[in-house]
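Both complexes shown next keep chain A, but they swap its partner, so chain B is in the first and chain C is in the second.
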Partner chain A sequence: MSLSRYAAQRLAFGLVQVLAVVTVVFLLVQALPGDAAVALAGDNPDPRRIEEIRQAMGLDRPAPERFLGWLWGLAHLDFGVSLFSGRPVADFLADGLGPTAVLAVLTLVLLVPLSVLVGVLAALREGGVLDRVLTSISVGLHAIPEFALAVVLIALFGVRLRWLPPTAVGTGGDLLAHPAVLVLPLVVLLARPICSISRLVRAGMIDALASDHVRHVRRLGISTGRIRFAHALPNALAPAVQQVARTTDWLLGGVIVVEAVFVIPGLGTGLVDAVASRDLPVVQGLAVVFAVTTVLVNLLADLAAFRLAPRSAGIA
Partner chain B sequence: MKGPTMTLNRRGFLGLTAGLSVVTLTGCATGAPSPTAAGPRDGGRLRAAFAGGGAKEVLDPHLANLFVEAARSKALFDKLADLGPDVSAQPRLAEKWEPSTDLTRWRVTLRQAAFHDGRPVRAQDVLASYARILDPNRAFRAKSSLSLIDLANSRAVDDRTVEFALKRPFVEFPNALAAFGTYIVPEGAEDFGAPVGSGPFTFVSFEPGKSLLLKRNPNYWEGAPHLDELEFVLANEESARVNALLGGQVEYAHDLTPTTARGNAGSDRVMIHRSPNSAVQAFAMKLDRAPFDNRDLREALFLLADRQQLVEATLSGAGQVGNDLFGKGYQYYADDIPQRTRDLDKAKFLIRKAGAEGLTVQLDTSTAAAGMVEAATVFADQVKGSGLTIEVVTGNKDSYWADTLKNGSLSSFRSGAMPIETHLAQRLLTDSGTNVTKWARPEFDTLYRKAVSTADAQERGAAYREMQSTLHADGGYLMWGFADWIVGTSPGVGGVSTAPANTLDWARFDKVWLG
Partner chain C sequence: MRAFGRVGVGGLLIAVPLALALVGPWFVPDTLTRGAPFMPDHLLGTDFVGRDVWHQVLAGGRTVVLVALLATVGAYVVGVPWGVLAAMSRLRLVDEVLMRPLDLLLAVPSLLVLILVASIAGQGVLVLVGIVTLVNFPDVARISRAAALEIAGRPALEAMRLQRESWWRTSIVYTGRSMFRTVAADLGVRLTGALYLVASASFLGVGVPPDAADWAVMVDRNRGGLFLQPWAVVVPAVLIVALSIGLNLVFDRALRARSEVRP
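Right after this comes the complex of A and B.
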């Protein structure tokens, strides 16, 4: 099978996946108790008013009709409007994308060199003090959920010591203009993936350094640095690369937690707000964005794997 | 929390950096400053953190629903009247009001005030604002409050005089003028992207779900604010608001928990402001169904509540006990009715008399309001040993209020401040929209109608007294406590009012200054 044919097949399958996701999301939100009118009425749940709100929001139309109408709009790249504010959902997505993209991209950009550094350092000192210290820290950090780590870091560096801003409150989502605000969220986002990927790099590096071909290269009298970084490291990276792709999926979830804790007005915060208020068009718009991102990232990872080793990708 | 000073001292001792040692010294020297002593100071930007509605927020004051929206509306707009510290209507944009003798026509004279674009506030703007709220095709929250206005027969007498025609005599009409969301906007205003109001602050910029920046209106009719700028920022989690305050990212954090207040009492980084009688905490029994259609059982429940313990345990002491009546400290509150206290023996007797021994009742609650689940749990414990068992069931918080309006027989209840008349009208008449306890008594409705259609203040007071007395004896609300509203500011901030939540002075920033 050719690469382009494979890509087209995967793309079509991805489309089906996205459709399935939005359908399930629609059904799940329908299954939640209360609708947008009830959520808006809050502690003033006058049934007459709730009925009025329902009519004003168009919620009195049957659910399948609303869903199909929304799908028809989506086919024209029209995400619809928020039930509450009447603002286009596309605006919500555009507003939230900036902070979330900054977090996700910076995490990925920092993740690879940092994990390789930690992994290689540990591998080169295998069994030594440095290796044991790094191993203990990695295993320990990996065991701490993001929200717990975030709370501890905020309490220590944000509130007690006041070295770093404890939240992103007041930055208006322009995180790059306030780099200090990014430090704690990035530490939280990086902590777990660095641990898992650096462990893989360490193991791969130790294996590679002990492998036949490295031993052979060593016998040829090539310098230690060249052996390590030109011969052993590339082999050590293979498993780590796949883990990076998986980390991207994980980031989408991790970002939601981190945004909530640090009050970053990104897509994750938007999703939490929209679900709480049953603002279905916004929930669905965000679900499309998350689903499309996940499908695309996995598609790219699979294509890379296909390109590198068609047979092992299991599709030849 | 003695923490901060101790940490700072220790850090100074460790001598990490010279700069930090200076912080230590100033921190020790100032101690807990007393900002009120300094007196008002003009200038500066105050950043205020509230829980928000996310990116779906709009600045249309008629759509206001959340606390932050109420506070923003108040900064940008005015109502004809608003609630004073005793939760009675006080004139605002209205300079005065005069009813006709039969209380069906009200002549309201407007104050000389101007919108931010310089246009005067006219009678036509008032009528247009109310017409917008009452539009049958829309669902504004204030609609029911204004529904007694006969708009077709109301008119602008001149630019500064409105004559309202009412559908029925109503002596408490000023309560309607002060109701939540009844803001006056310029005639024809529909786009609130850059809102123009008559309030103490004018619009600068708005990013939904992020921040709203306002600046002082030098021409405000009540005098210009002290602050140059006011910025509303959003942090939905209480812990985030507290962290932002402690980290110096905001100067004002709205709606804090009693636990936070207690933890930061005496701190030199935070000042805690408490507004007593801001929210009533209660359990609501439904009278139209078993088992609480039985009066004896309702009284048994009243007598089982250890109110002091509930206040201590669930409000961390940040509140006062209630006497099963709404509006402690408000105008018309019947404070001469003796305070109910726990009487286990009498309660046991009443439960036996009602034949309810061994009965298990489900108490619906949720996290829709702070402290409700905790209160339900504590109360279930207090009921043990009485013959009755209470089983606490925690429901969905987003649909809780609508759910408990219809379902179940016993539920947690909470309400913010409103005039006692409004509480009666919204919740305790046969046709009330949010009648949680299903209290429906023709003679009670008649008494209410009599109270609101009598011009004689004494007679009216007596009718309100009688209604409260009936509710105290027979009603379905076990109102066990009144919670303080808690706000935190940085130590320099002055002029923060402690009037009950929902009143004019609550979350109001034109009288606030930065030290």
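Right after this comes the complex of A and C.
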């Protein structure tokens, strides 16, 4: 199968995924308990007032009609209006996108070099003390709940030692202007993916160093450094690169938790708040953004994997 | 000796939180002590509504551990038959109908699914078990399907069929036994994954009442007093961290020991 044909096929499947996810999000949000109109009417709900609100928000229209209207809006990047503040959902997205994007992008940028470094260090000392320590740490920290790790780190570095600010309160969402605020959130976000990816790099590097072609290069008398980094490392990287995309799932989930712990006003905080207050349009909008991002990243990863190793990726 | 040390560390890390979680609730006195919030009296001080933190720690592990265990069992109970059915069906359509929706579920961040579903389904331990099962079973189904497909192609199975062995013996006894190791090798990942989801969801206030005696809820609710009375936050957080790290170390050790015995 050629790359363009595979891309077309994969793109079609991605589109179906996005559509299905959007539908599921709509259905789920429709099923949220508690009528938003009742919630809006206040402590002493007057039936007439509830009816008015319901009409104003279009909740009296049948669900399929609302769904089509919502889809039509999504296609134009019109996410609707918040039930409570009346602000367009797009504004919520624009506000929250900055801090969340800073966190996600910095994590991804740091993730690759750090995991390669850890993986290579462990592989070069295979079986040694350094390898055993690094491997134990990466095994132990795998799938550790971010909030628990974060709180322990905050208590230690933020409260006890006072080296770093314990939360992002007071930065107003402008994280880049306060780099010290970013340290703990990034450490927490990186902990999980680094563990899984550095282990892949380590395994790949050990395999590559023992492979025939590296043995051949060694016989040619090429320097050890060149062998390691120009000949062995590229071969070790292929599986790790694929895994990077697979960790977006964790990363997006982790961002929601990390924003909650460090009080960062990003998309994740917006989602948790909106779910708590039953602000349906905001929940729908944010959920769609999260889901579509995951689908897109996985699509890109599959295309990249196909480009690198067409045979193994051809099944998807 | 070194091997023992590794199991020892992991085992110890599991043992303390697990013992607290399972036995702890019996040692909580019936009479609730109430004092001022975030005071340093009692063993570990008081929490955000003035309850004794030590009593909360004793009572709060059971839900986390129980939900994680039940959800892992649930994921296998649903996922293994699902995957085997998809692999063994003669019709390609059945396979597609069973497996395609799972691709969809895997395409959405699991914490997002959890937050959305939990806000609909309401609160309760069983609801949380159900949702974590829902999020976790697609992976089990995929692994089971792959394992069953590999076994279905083996010459041994073909030979059994030619010898007219009964369907029960070929499909259930032989396939089941051969699949067991592949699927069990995945157990550690499933269990820590379930623990992760349960704890994170409870922390975000999803699926549990806001004043529940639950380690993750304690971490969330007592954060406001981190400067006044850190024990109320740090002790439950450290217990969750220890349990997670311990499970990882022990399962990794077990996996490696087994692959060394049977290469």
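Just so we're on the same page, the second predicted complex is superposed on the first by the 281 of 316 C-alpha atoms of A that agree within 3 Å, B and C clash if a C-alpha of one lies under 4 Å from a C-alpha of the other, contacts with A are read in each partner's own complex, and residues count from 1 in each chain.
We adopt the following convention: a residue touches a chain if its C-beta (ideal position, glycine included) is under 8 Å from a C-beta of that chain, and two chains touch if they have at least 3 such contacts.
From a predicted model like this one, the values you see are computed outputs, not experimental measurements.
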Regarding the shared-chain residue A:A20, is it in contact with chain B (first), chain C (second), both, or neither?
second
Per the contact definition in the header, classify A:I154: touching chain B only (first), chain C only (second), both, or neither.
both
Identify the partner contact of A:P113: answer first if only chain B is touched, second if only chain C is, both if each is, neither if none is.
neither
Which holds for A:I144: it touches chain B only (first), chain C only (second), both, or neither?
second
Touched partner set for A:F84, first chain B, second chain C, both or neither
first
A:A260 in the overlay: touching chain B, chain C, both, or neither? Say first, second, both or neither.
both
Should A:P64 be classified as contacting the first partner (chain B), the second (chain C), both, or neither?
neither
After superposition on the shared chain, which partner residues are touched by A:L252: those of chain B (first), chain C (second), both, or neither?
second
Given the touch rule stated above, what does A:V169 touch, chain B (first), chain C (second), both, or neither?
first
On chain A, the residue positions that both chain B and chain C contact, one per complex:
32-33, 151, 154, 159-160, 166, 260-261, 276
So, in the complex, the side of chain A touching chain B is made of residues 32-34, 38-50, 52-53, 55-56, 82, 84-87, 91-92, 95-96, 151, 154, 158-162, 165-167, 169-170, 172-173, 260-263, 265, 269-270, 273-274, 276-279, 282
In their shared complex, chain C is touched by residues of chain A numbered 17, 20-21, 24-25, 28-29, 31-33, 136, 139-149, 151-152, 154-155, 159-160, 166, 248-249, 252-253, 256-257, 260-261, 271-272, 275-276, 283, 287, 290-291, 294-295, 298
Contact residues on chain C for chain A in the complex?
6, 103-104, 107-112, 115-117, 119-120, 122, 189, 192-193, 195-196, 199-200, 203-206, 216, 219-220, 223, 226-227, 230, 233-234, 237-238, 240-241, 244-245, 248-249, 252
For chain B, which residues count as touching chain A in their complex?
3-4, 7, 11, 47, 49, 53-58, 65, 137-139, 141, 143-144, 207-211, 231, 233-237, 239-241, 243-244, 246-250, 368-369, 395-396, 398-399, 401-403, 405, 414-416, 426, 433-434
